[in-house]
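Both complexes below contain subunit A, partnered by subunit B and then by subunit C.
Our next item is the complex of A and B:
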């Protein structure tokens, strides 16, 4: 393709090609501190939906090793979002080296907390806020659990914040463009701090799983083993594909690591609750 | 004429993870995870050592659970059909 960039995030190498320069320039700026590997595990291609749409109302189709055939194209102004979604999709559908859980991960002293939940649960916001309070940021999208060791491997992509969460972006952050009118509303990507990127090959031992739920009165619930097991299977994009290795990794995580459900009304109280639970471990 | 006998799938084909009232069972040949609740895991356990027919199974289950004779038999046949369909029990 005319424009391209290679990036490594934790154990995953990406090659992103584009018909346009702008999305690659945006990636190059946002991923300023990430390695540029020679080898890529996955390819993402940002292509015009037709020859003329490269120039005329340019429209980005996200293709790659894995893609969703019915996904709607995005305007070129949202090219960075298209690339990010394409990178997510490669990992969600293709990655087999780790058990993947939809979760943000933060750690202190290489002991990790997994914040697992659906979109809107507040994973990214909590992870960003915790990373500003001394926690190491390992990722806001996927927890990568090694099936052999049970360790969580960092996958510290830029943090994707949406709508009401945009207000928590620290002013000194390295950010992508403020994207409006996207399928997810307003979106802005925030690069993790350089310490998180520098430590992206250092795994951490999961010691706590939290299922957060934003916008609820503050409440903490214990979870029955079956409920935790089912929610972890639901949070995984590759549990079935991994077969026995997935079952063993997930049952080990369930039996070794305590899990709680946390309802919280806003970011500050969510952060305070996470730190309070942590202090009682 | 005696009814069929049942036996559990070879233990090497199953990974059993007790949770609480549920037990997760991974069936290696299909790669499928089953969540079983009582008394299905107990039925599997009873059929692990040697094949049993439904009457013998019901007799053993009745020692653990308060089972009405008729309803107990209906429940047992329903569970055995499910376990057989899942590949966790074989009918001999």
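Our next item is the complex of A and C:
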């Protein structure tokens, strides 16, 4: 395609092609510190929805090795978001090397905490705030669990913050454009700190799983192993596709790693609660 | 060589994979995914010394194919279980048949729906039994439903409510409205039994069906994979009696074209008669290789031509016009009600 870029994030190489220059330029700036590999595991294409829509009210269709048949197109101004969604989709639908959990991951001394929850649970915000307090950032979208070793592999993509969480973005960070009117509301991407990118090939051992829930009075619950298991199957995008390997990886994670549910009213108290649980491990 | 030609070349001669630059591998793997040939390619390249990043993608593809195989066999098992009261073997078609019979054509192959063949006289009972066992109709549209029952060679697709897998119950291998009329009684009489109430078509009929599907039914999208099926079937078990069988089913043209193209693209060993492409064959090859290194479909005009042709060969013109008219009016009505 006319405009293109290759990026590597942790174990995954992406090739993104575009009918327009702008989305590629935005990726090039946001992924400034990431390697530009020769090889890509997955291809993403940002294509005009029709011949005319390349120029006239440009409209971006997100395609690639894997795509959803009925995904709504985005305006060109949201091209960066289209590319990010395209990259997520390739991994969610195509990746088999790791068990994928919808979770943010942070680590200290190569011991990792998985923050697993639905969109809006506060995974990205907590991960960003913890990374500013000395935690290593491994990712805010997917935890990549090696089915053989049980280790979590970093997949430190730029952090995607939405709506009320935009206020936590530190002023000195490298960010993408402020996107408004997207299907997810206001969105802004924040590049992880350079230390997180430099360490993106260094795995960490999961030692704690937290299921956070934002906007609730502070509360901490233990969790029965059966509930942990079911929640983790729901959090995984490729558990079924992995078959027996997925079942083994998940049962092992469930039996080796304690899990808690954390309700928290705001970011500050969420961070304090995570660090307090950590200190009692 | 472009990426599609590279893919074809690698399937044909895996040992030529050693000197390929990494950025070209990216294109080949993307095209292989788009043509649902990545699993097949992964098994073809098994054991060769390749870059670690490429090996990792191929290992993923093999893991996926293994899971697909397992799921397909389980689905076939469940269908046979549901249809046991018929007292007639369930004849598996296409991908599920290849893996159930342990054929090379099934190695790494993607498998979507489960296609089965039964005598037309048993179709009503089969449908009732499947519905009792948890399958349900996907299409709730009355016209589509009637269209399937009146004009097609299969029941409207049935989906299992819990597993979400689809079964297509056929009574022959081409729509009754198409010009060639295969002999369903011969297909069923010569089927080869497997364990568990399952069966497959005999070897020649498998090739005839694959050729019919490719050249007498579809619009050639995914054609490279379907042609690979034919190549793998011929390579593994030869083609004795194939020409006679094709003639019996009225599908000599489709089988001849399949053998010529399979020889030209994949180097299938065929007698001299089938070793030269004619002008029309070349047009087919042009259509089947209409994809660029980004996985995008190219050659719009050629594809459109084959798309129109796919409808024209499936039914006579008056029926086609009536069908498209009703579809168009329904489309308009849906647009207004939105």
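We adopt the following convention: the second predicted complex is superposed on the first by the 281 of 281 C-alpha atoms of A that agree within 3 Å, B and C clash if a C-alpha of one lies under 4 Å from a C-alpha of the other, contacts with A are read in each partner's own complex, and residues count from 1 in each chain.
Convention: a residue touches a chain if its C-beta (ideal position, glycine included) is under 8 Å from a C-beta of that chain, and two chains touch if they have at least 3 such contacts.
Note that this is a predicted model, so its numbers are computed, not measured.
Of the two partner chains placed around the shared chain by superposition, subunit B is the only one that A:230 touches, whereas subunit C remains out of contact. Of the two partner chains placed by superposition, only subunit C is touched by A:245; subunit B is not.
Contacts of A:1 after superposition on the shared chain: subunit C is touched, whereas subunit B is not. Once chain A of one complex is fitted onto chain A of the other, the partner contacts of A:54 are absent, as it touches neither subunit B nor subunit C.
With both complexes superposed, C is the one of subunit B and subunit C in contact with more subunit A residues.
In the superposition on chain A, the residues of subunit A touched by subunit B in one structure and by subunit C in the other are 243.
Of all the residues in subunit C, the ones that touch subunit A in their complex are 21-23, 25-26, 29-30, 33-34, 51, 53-54, 56-57, 59-60, 63-64, 66-67, 70, 294-296. Across the complex, subunit C is touched by residues 1, 11, 13, 15, 17, 37-41, 43, 45, 47, 64-66, 94-97, 241-243, 245 of subunit A.
Contact residues on subunit B toward subunit A in their complex (touch as defined above): 15, 17, 19-22, 24, 26, 28, 31, 33, 35.
The touching residues of subunit A, counted against subunit B in their complex, run 224-226, 229-230, 233, 240, 243-244, 247-248, 251, 254-255.
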